[in-house]
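Note that chain A is present in both complexes that follow, paired respectively with chain B and with chain C.
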Partner chain A sequence: MSATGSFHEGVHLVSGDVGCGKSTLALIMAGFFTLSEGTIERKGIKSCILSLQFPELSVTGLTVAEECASWGVDTDKILDSTGLHGRENESPLSLSRGELKRLHLACVLDQEYDLLLLDEPFSSLDCREKARLCDRIGYKKGDGITIIFTHEQNILPRVDRIWEISGQALVDCGRPPDAFFRWRHVPPVIIRLIASGQTPDNLSLDDLREAECRIHG
Partner chain B sequence: MITIENLRCRNLAIDALTIRPGITSVIGTNGSGKTTFLKLCAGILIPDTGKVMIDCVHPRNTEVGWVNEFPDRNLLFVNVFDEIASSLRFRLTPCNSIDASVHACAGSMGITHLLDRRVLDISGGEKVLVSLAAALVHRPKVLILDDYDSHLDAGSVALVEQQIRTSGAEYVIRCTQQMDTAIRSDHLLFFNCGRITHDGTPQQVIPFLRGTAWFPVLWRCKN
Partner chain C sequence: MQDPRIRIAAAAVLSLSAFISLHGAAAVFLWWVVFTPRCRLARRFPLVLSLVLMIAFFSIVLEIFGGGGLSYFFRMTVILLTGMWIYDEQKSGEFLAAGVWLFGQKTGFELGMVAEMGMQSLVSVAADLERIRMAEEIKGISWGVRSLVPAGLVLVHGALVRAEDNAELLAVRGYQCGGTLCPKFLTSTSDIVAGVFVVVVLIFSLVPVSEFFILYR
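So, the complex of A and B:
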């Protein structure tokens, strides 16, 4: 895969087919892979967090409480926000995958960072939790660079720029809504809204619902 | 018909449920008992009380194809070919027949190019496609898929949907958080806090989800 581009402050979305190299690109950006050629310059990036696609691979604590402690976060606050009070002594690996993802993301998003790399953050989350994650990402906006690598099609946050990996190369599709007309992986719901004459301003559920309301007057 | 009566298991309680042949989608909140329900239907779990019967037969005596919500937990063998071939080998299927079946199944899933790869080296979405191929290759009567589509791109989801519908499985029970997928089902079950709170066709269930994140954006346009 080849990639050229500049990721500025804000929220970026990277899409692509299964096996196209999204996770590899996330690992490269996090500094875990050595490039065969080229360079990555991280201007002003003092702290970087990578949230792995599979939350079970990030677990280091034997209990939910230990897992929270390993991230250096306020355990009570995380248990409150994830609805896991009463389960602090359970193994993180005994949680459902959605619950584990929720715990993992709550710990990640409680950190301070300049660069946040989220690999498939929506996988396993139920629709309500996906929407909450979008709100949280929006709330954290302005705190640096957030790059979301995802297949999610329906529940996404407002983003500043859309990218895709196509033909083994990273392609900059631009800013929404103009990007929708260049984006090969544009979600079917947006295709249908555009076909109905209503282009949403951005990717969020509010944007999609606002466009849907315009169809119905 | 799949019949469930007086079932209690972990946090899940179902007094009575009937599932007809076709595609049933299971949706709802995280931790609401969806995976427990799927494991009971697959015979992986035995209920504390009550029973699950598939056409009057216990799930453990039924041919079931299963895909776990944790992609890595599906994978037992080193390379992709061996993974897909495993269920046929366990049935002592002749080697030449196994070879043909694995290639045909991998071809239909678009993963022939992965057959010689190590399962550890492929992407998350590719692991799901391999797991699906392994679940489909022995043509099960019941196909049970837990959150299989959360690592797949839209093109792969469409391909998998086609394979599911032509698999010959009499019953497909799948957990999904993609409402576009859920509404393409014969039967929809909504789980919350260990209970099935809505049960019916998508046309019957979706109106109850209005105002929630589960309500499909284009439902009003579709209907």
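So, the complex of A and C:
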């Protein structure tokens, strides 16, 4: 796979089919894999956090409380935000995949970072949690560079730039809404809205609803 | 070595030869030097080193409390090298093909499938371990003795979940016993030569060393 591009401050979305190399690209950006050719230049990046796709592989604590502590975050705050109060002494591996993902993302997003890489953050989450995560990412905007690697098509946050992996290469589709016309993985709902003559400003549910309202007057 | 039948049989016989006697282990080591692509092991050097260190630990304990630790260390290291060789050479589906060829479509298929699942599980565990170490690096935890318990729990949990998924998949597809497979094998001259020398190694390991070295008597 080849990739060329500059990621500036803001939220970036990297889309692509399952197995196209999104996770590999995330691991390369985090510095875990070496490049066969070329370089990665990091300007002003002092801290980088990668959220792995499978949350159970990030578990290092024997209890939920220990797991929060291993991230160096306020346990009570995380338990409150994830609805896991009363389960702090349970093993993180006894939580459902969705609960564990929620806990993992809450711990990751509570960190201070210059570069945040989220590998498939929406997997295992229900619609409500996906929407909450989008709000959380939007809230953190301005804190550095956030790159979301996902094949999610329905619930997405407002982003500053869209990229896609196509034909084993990373393609810069540009900024929304112009990017929607170059993006091969554009969600079906946006295709429908464009066909109706109303291009949404961005990808968030609010933007889609606003475009929908314009159709119906 | 191309033919999995010769390779599997060679690995079994070489392990047995190394286990039977010290001079047998020396002969197996010579066989390993001559007939295997040793340079591939260099890629797995950290893993080989950690396993050799583990064997060394038990050898020292054995030497102190019962004697024979050095012999144990050498024989187990040679068995480890043989194991690494077969693990490196093995391709997906070869155990199944060899099982069906040896024991038929019912028992052979079952045994081959179990072996394939075992190999698949090993590959998954290795991949999981790599991700666990990445997660620890992200959290700023250095790999050590304290990591072993949580990492072990995650690995066992992952293996159990995968086993359950496989069992469900087989049940859903109506699998009961055996299957149909027409295995095909490629046998090169070098496979036959290596196989013949495996038999020589076995015979050598069974014959007392004093039969070869008259001065030893």
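Here is the rule we use: the second predicted complex is superposed on the first by the 217 of 217 C-alpha atoms of A that agree within 3 Å, B and C clash if a C-alpha of one lies under 4 Å from a C-alpha of the other, contacts with A are read in each partner's own complex, and residues count from 1 in each chain.
Assume a residue touches a chain if its C-beta (ideal position, glycine included) is under 8 Å from a C-beta of that chain, and two chains touch if they have at least 3 such contacts.
Please read all numbers here as calculations on a predicted model, not as lab measurements.
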item: Fit-or-clash call for chain B and chain C when the two complexes are aligned on chain A; value: clash
item: Contacts of A:Leu27 with chain B and chain C, given as first, second, both or neither; value: second
item: First (chain B), second (chain C), both or neither touched by A:Ile78; value: neither
item: Partner chain in contact with A:Ile215 - chain B first, chain C second, else both or neither; value: first
item: Which of chain B and chain C A:Leu105 touches, first, second, both or neither; value: neither
item: Touching partner for A:Phe54 - first (chain B), second (chain C), both, neither; value: both
item: Per-residue touch tally on chain A - higher for chain B or for chain C; value: B
item: Touched partner set for A:Leu62, first chain B, second chain C, both or neither; value: second
item: Partner chain(s) touched by A:Ser70 [first = chain B, second = chain C, both, neither]; value: second
item: Identified clashing stretch of chain C versus chain B [149-157, 167-175, 185-193 or 203-211]; value: 167-175
item: Where chain A meets both chain C and chain B, residue numbers; value: 54, 56
item: Touch list for chain A against partner chain C, complex; value: 27, 30, 32, 49-50, 52, 54, 56-62, 70-72, 91, 93
item: Complex interface listing, chain C residues touching chain A; value: 128, 131-132, 134-139, 141, 147, 149-151, 153-154, 157-158
item: Touching residues (chain side chain A, partner chain B) in the complex; value: 15-19, 22-23, 53-54, 56, 83, 95-99, 101-102, 120, 122-131, 151, 153-155, 185, 187-189, 192-193, 196, 205, 208-209, 212, 215-216
item: Contacting residues of chain B [partner chain A, same complex]; value: 27-31, 34-35, 69-72, 122-126, 128-129, 147, 150-156, 177-180, 212-214, 216-218, 220-221
